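Okay, so subunit A shows up in both of these, paired with subunit B first and subunit C after.
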Partner chain A sequence: MKQPLTIALAGNPNTGKSTLFNALTGLRQKIANYPGITVERKAGTTIIGGVLHKVIDLPGAYSLNYKKLDERIAYETLIGSYEHEDAPDLVLVVVDSSNLDRNLYLATQIMDLNLPVMLVLNMTDVAKERGIEIDPNVIAENLGIPVFAMSAKNKGDIEELKSLISEFEMEVPRPLKWVPNPTLHEAIKLVIEEWIEPCTNIPERAQNIEALRLISEGEFIGAFYKFEKAELGKRVIAKARGIIEQDGGNPMAAEVLRRYNFIGEATSKGSVQTRQNEKTLTDKIDAVVTHKVFGPMIFTFVLLLMFQAIFSWATPFMDMIDLLFVEGGNWVANTLPPGMLNDLLVDGVIAGLGGVVIFLPQIVFLFFFIYVLEGTGYMARAAFVMDGFMTKVGLHGRSVVPLMSGFACAIPGIMATRTIENWRDRIITIMVLPFMACSARLPVYALMIAAFIPATKVLGIFTLQGITFFGLYIFGIVMALVAAAVMKRFFPKGQETPFIMELPSYKMPKWSVVFHNVFERGKVFITEAGKIIVAISIVLWFLASFPKTEMPEALNGDTTEYDSSFDITENPESYQLRHSFAGKFGKIIEPAIEPLGFDWKIGIGLITSFAAREVMVGTLNTIYSIEEADDAENATLKEKLRNDINPETGEHVYSIATAISLMIFFALAMQCMSTIAIVRRETNSWKWPTAMFVYMSALAYICSLITYQIGSNL
Partner chain B sequence: MHPLSNSKEGEEIVVRCLDCNCDDVCRLNELGCVEGVNGKIISNQQNIILQLGETRLAIARKLAQTILVSPV
Partner chain C sequence: MASFLADIKGTGTYLVKDINGPDTTRLLEMGITPGIAIEVMRRAPLGFPIEIKVRGYLLSLRESEAKCIEVQV
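Entry: the complex of A and B
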């Protein structure tokens, strides 16, 4: 092919479609969302025979019966009715060779779309390991389309696939190659001729598929296309179903059975299973991992191990980054002439940014674990194991994966709720998901725990710090479950969608994909959060540095005058901060947060962290950098917090009760503008994000109040 | 014929009838669970794990009660 093509990659989830996409496009790819919705769109380019082609990685789908948003996008793109995407010139249907029959269901549907199709039998290495031998030529002959067997991990296979594409003549397979039986054929014809053609704008290439969908489902609820004469449509569909029923058939199953028969015939000679009834590794692992007693225990252990590892493995890297920023700040302070620019860079930009970058290692470890758990196939087992429990508290087994993604960030978690078909289950999951301890809370937890919780060993391998850290994550989970159980009572009970999920085989994750994803997430954290944090740090530096106020001369024994705003234990920097704009504002809100154990400096942090939680640490770093006396310049933030003395009471600002109260507040409050925005987009209403903000913030205040009042009186 | 939920672990079965609502039938069909297909019960505890060819499906007990199967 010498002209540029748009090549679409379609297939079931877990078929290695994205691996093939990465192999074809390399670094020439762009990941964004489809306009107006939050479905991820991956597009890139590849050069084949000197011609630049566009490659689109469509969302994974089991069929073209678009029940979920992802599937609908894939379908609309394939039939060319999606306004933001070109119709493909060629579709590469990527199938898992070790599970051919099930994967070919979607492939045969795509073959009905009047598009050039090539079948890519991926994961042939896995099929071979399982004793499955496939003859691609026989499959190609039976299906009537070109078939190429490969492994997307093999560079040679990728080159061979490219050369096959360049030679492909773009023949279009004959639609309905699977041959519907006469009554089904008659029904399809009736629906197309009497309703689809005259009354809808469905593109011609999608008319067969749409007719089959209408016959099977008996309704056109959820249709994305324009139509008129709905009553006529209903009558025609009922008539078409009647034709099948009169012949003793089931309209719901007529197409499916015929398609699977065709697939069975096509693969029976081209695919041979040489080993039967052998217990696979997946069988052996599943016997333990999905066990009703061991399963939940293993799930809990995996979480505990993950959080303990995040805390201890990241520490050396965090110390290095901390040192780098302290030394860098000192170097800038000593190199630049004293003045406003020096103060702004050292106390504003470097201090604010350093306070956040330090947590990058923990975030990298967290995402690493999440991608490894996904890549091995364990995530689906976690959903299975927890389904019974989740159902009891008003959630769905499918809620487990979004909730676990919420440990990394609420935003992908909320986007992942699209796999939950039932609206009630989905909205409850969205509303409780921000309780899951996301990576943005990590900096606050890590700072407070490192500063105020001793590193005492527990059971030989754990530390009190690690257990506290784990406890906070568990606290988030418990609060999410309690909130879901309460919400369940207030939401009208609609039609239930029972748990059905494919459990993929266990496999080693593809490490290059894991590291690539972790790198991308780390980059997003630094660039996205960094931008906000630097901006807020500069504003804060200004608010905390102005107006300039001179401290009155120190009192001595002979002095009789006394300035009530000056305390003998206070240093000039602290005095300046207290009299700055920020200090004054903090003082205004202090009465409201004092019962929670927070002083005005924490108050400023709370206000700024409503934009994003991680801003809290940068804010404290900026405030404490401005406030610090010369002899404390090299102290880390945790040391400054430990040593902070309230000049009015002479007592430490932070007690253990204050630290725990603050962590509880962060565990529960809705402090993320991005989450609010994504909830607005996903629910298409301001009602849900407003309700979320109000109930979570109120709950945070009440729980924090109770924690501090009990803790400080013990 | 008996409901899938009453099958024993290790039992080999044939799916005979999907007596659930249209949406669930669609979902089961596209995952390979169609009338006439052979399968094996991997686990029957709270929910069911059913092996259909190379596809391993986790199915809620409530839904499994509406899938009628017979021993091979």
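Entry: the complex of A and C
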């Protein structure tokens, strides 16, 4: 075979399909989102006998009768109705040999599509360990398609598979060995002839499978094709179902049962299970890991370990990156002639890039953990253990790890929601995740608490400061759970996806796959979310730096013109910031934020901290003209905040009510452009980040308003 | 006697009698077909989901799905 082919890898999840894909393509692969949706499309190339073939790794699917977006993409790609993509020339159906019957279900469906199919019996080593002996020749004979038995661990097997692909006879007709029983056949024929043929644009190869799907579903649920005469269609489907019912069958079950009968016959002659009901290693591990008591304990320990990694282990790397960008910025600032270009490069571009790269260590650490846990099979167990609790608040067992990651940073957390298969659960998790108290809020909380919350002892061992801190964390969690429960009610249900989740056998993670995936995650973040973050950084820089205003000489060392009691020494930086667009904007929004207890100085901080929440502290430092602001305790700033007097009322600008109101605002508001950017990337639309920004800001405003109004009137 | 998997407490092995309800197709597709034996291996802390073994592999089912599975007791 000399012409280039498009080879699709199809199969159930957890069949080693991705490992095989990596083995075939090496590093010649590209991961992208399918346009308009968030299912990842993995494509690559492989060279066989000097010919370059395209390889597509389809999303894992249990059935072509799709229940999930992933499965639908797999199906649409196979029948060639996916935009800009023809049906593949050859389909390798990868199956887990230790679980042959269930895996062959999908295989028989794909065979129905009238595509050249080769069956790859993968994980034969696992099957052998379980005492399952499979004769590929007998299976091939019974199914009517070529069968190749392999283990992806074995390098020689890959080479042999490649040569089989190059020798594959495309033109040989392979009549279907499985046939529907007469009633089902009659029903299929009816639906195709009376509705699918005349009224839809379903491609010919998919007509059979679509007819089966319509019969089992009873209507056009989630139909992606164009059709007309829906009423006629419904009547025809009802009639077809009637044929099956008359024969004593259940239209929802007829196809599946017929296929399983066929598969049972095909495999009973081709495979032998020598040992029965033996406790596998997976069973033994699960006896502990999904245990009622030990399960949650182990999960807590794993979470703690992940926390440790993203909080502590990532810190040195983040400090290094920080240092690198600060030093690099300084170098550029001193090397280039001073001026606007210099400022733009240093404070806009380099600072923006630094703001992107700084997230890498946390992303890398978190995803290393996630992919190891996924690779071993533990992740599904964690979801199993937590699911009962999480469904109570409208989330999914798989929401726990992303939500907890949100304590370090919402960015990796939102990226981690990819492990949630159900779109609705995933989007709700994304939407509430930024309420988790991320580490960027820490400096703001620390400053406000140190300045305004007394260190009064409570119950002997606690201080009011510590309790406030703890309270803010709990507040974030409670808000996330409440928001999730509320959203679950209002969220369009759409096509309900069953939870039915496979708990894959435990195995050692494939390190090459782990590292490759971590690398891809980092790359996707830098290239896609990074663009947005750098762009917004430049806008924020512009707002804080323009219009350029020179501080009048006379003011040097004088107090500010804004208010006479603003007891600080003016310096050019604070003068510039206050007269910039951001400064003016802070003034403009003052009436709007006054009921929350905020003045224009906090207003400026609210705008600049959109770059990252901790920027608030730096901005306040600049406004209060504090040089050398990297004092760990923020001692100077703390004093200034405490002593700041409002000239109109003669009262302190910051009261405890203001401080708490501000902390509540930071706990709830969507003050983070990087989060916006990653939500845009992960949901593939501006709709969700916009909705997130609006609802979180509104909630923050309302809660701060209530807090301040109650607090200041006590 | 027939009973629904959701009503069964504890663990044990049962023969599937029938599948009903909204998730029928997917449960069947996952290999939970009438006549096949399923073993309830373990239960999550609040009683559900349950971990079952069917056709040699492990599956997690929520209560709503266990309600669709009629078993021989």
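In the analysis below, the second predicted complex is superposed on the first by the 365 of 714 C-alpha atoms of A that agree within 3 Å, B and C clash if a C-alpha of one lies under 4 Å from a C-alpha of the other, contacts with A are read in each partner's own complex, and residues count from 1 in each chain.
Everything that follows uses one rule, which is that a contact is a pair of C-beta atoms (placed from the backbone, for glycine too) under 8 Å apart; a residue touches a chain by one contact, two chains touch by 3 or more.
In this text the structure is predicted, and so the values were computed from the model without any measurement.
> Once the structures are superposed on A, label A:503 by its partner contacts, choosing first (subunit B), second (subunit C), both or neither.
A:503: touches subunit B and subunit C.
> Identify the partner contact of A:421: answer first if only subunit B is touched, second if only subunit C is, both if each is, neither if none is.
Touch status of A:421: first partner only.
> Between subunit B (first) and subunit C (second), which, if any, makes contact with A:655: first, second, both or neither?
neither
> Does subunit B (first) or subunit C (second) touch A:380, or do both, or does neither?
Touch partners of A:380: subunit B and subunit C.
> First (subunit B), second (subunit C), both or neither: which does A:296 touch?
Second partner only.
> Going by the contact rule set out at the top, does A:388 touch subunit B (first), subunit C (second), both, or neither?
A:388 sits against subunit B and subunit C alike.
> Identify the residues of subunit A that lie in both the subunit B contact region and the subunit C contact region.
Residues 62-63, 65, 67, 98-99, 101-102, 105, 130, 216-217, 252-253, 256-257, 260, 282-283, 286-287, 290-292, 380, 383-384, 387-388, 391, 397, 496, 498-505 of subunit A touch both subunit B and subunit C.
> Considering only the defined contacts, which subunit A positions touch subunit B in the complex?
Touching subunit B: residues 62-63, 65, 67, 96, 98-102, 105-106, 130, 132, 216-218, 252-253, 256-257, 260, 282-283, 286-287, 290-292, 380, 383-384, 387-388, 391, 397, 421, 495-505 of subunit A.
> Which subunit C residues qualify as touching subunit A in the complex?
19, 22-31, 33-34, 41-49, 51, 53, 55-62, 64-65
> Spell out the part of subunit A that touches subunit C in their complex, as residue ranges.
Against subunit C, the touching part of subunit A is residues 62-63, 65, 67, 98-99, 101-102, 105, 130, 216-217, 250, 252-253, 256-257, 260, 282-283, 286-287, 290-292, 295-296, 380, 383-385, 387-389, 391, 397, 496, 498-505.
> Inside the complex, what are the residues of subunit B that reach subunit A?
It is residues 18, 20-32, 34-37, 42-43, 45-47, 49, 52-60, 62-63 of subunit B that touch subunit A.
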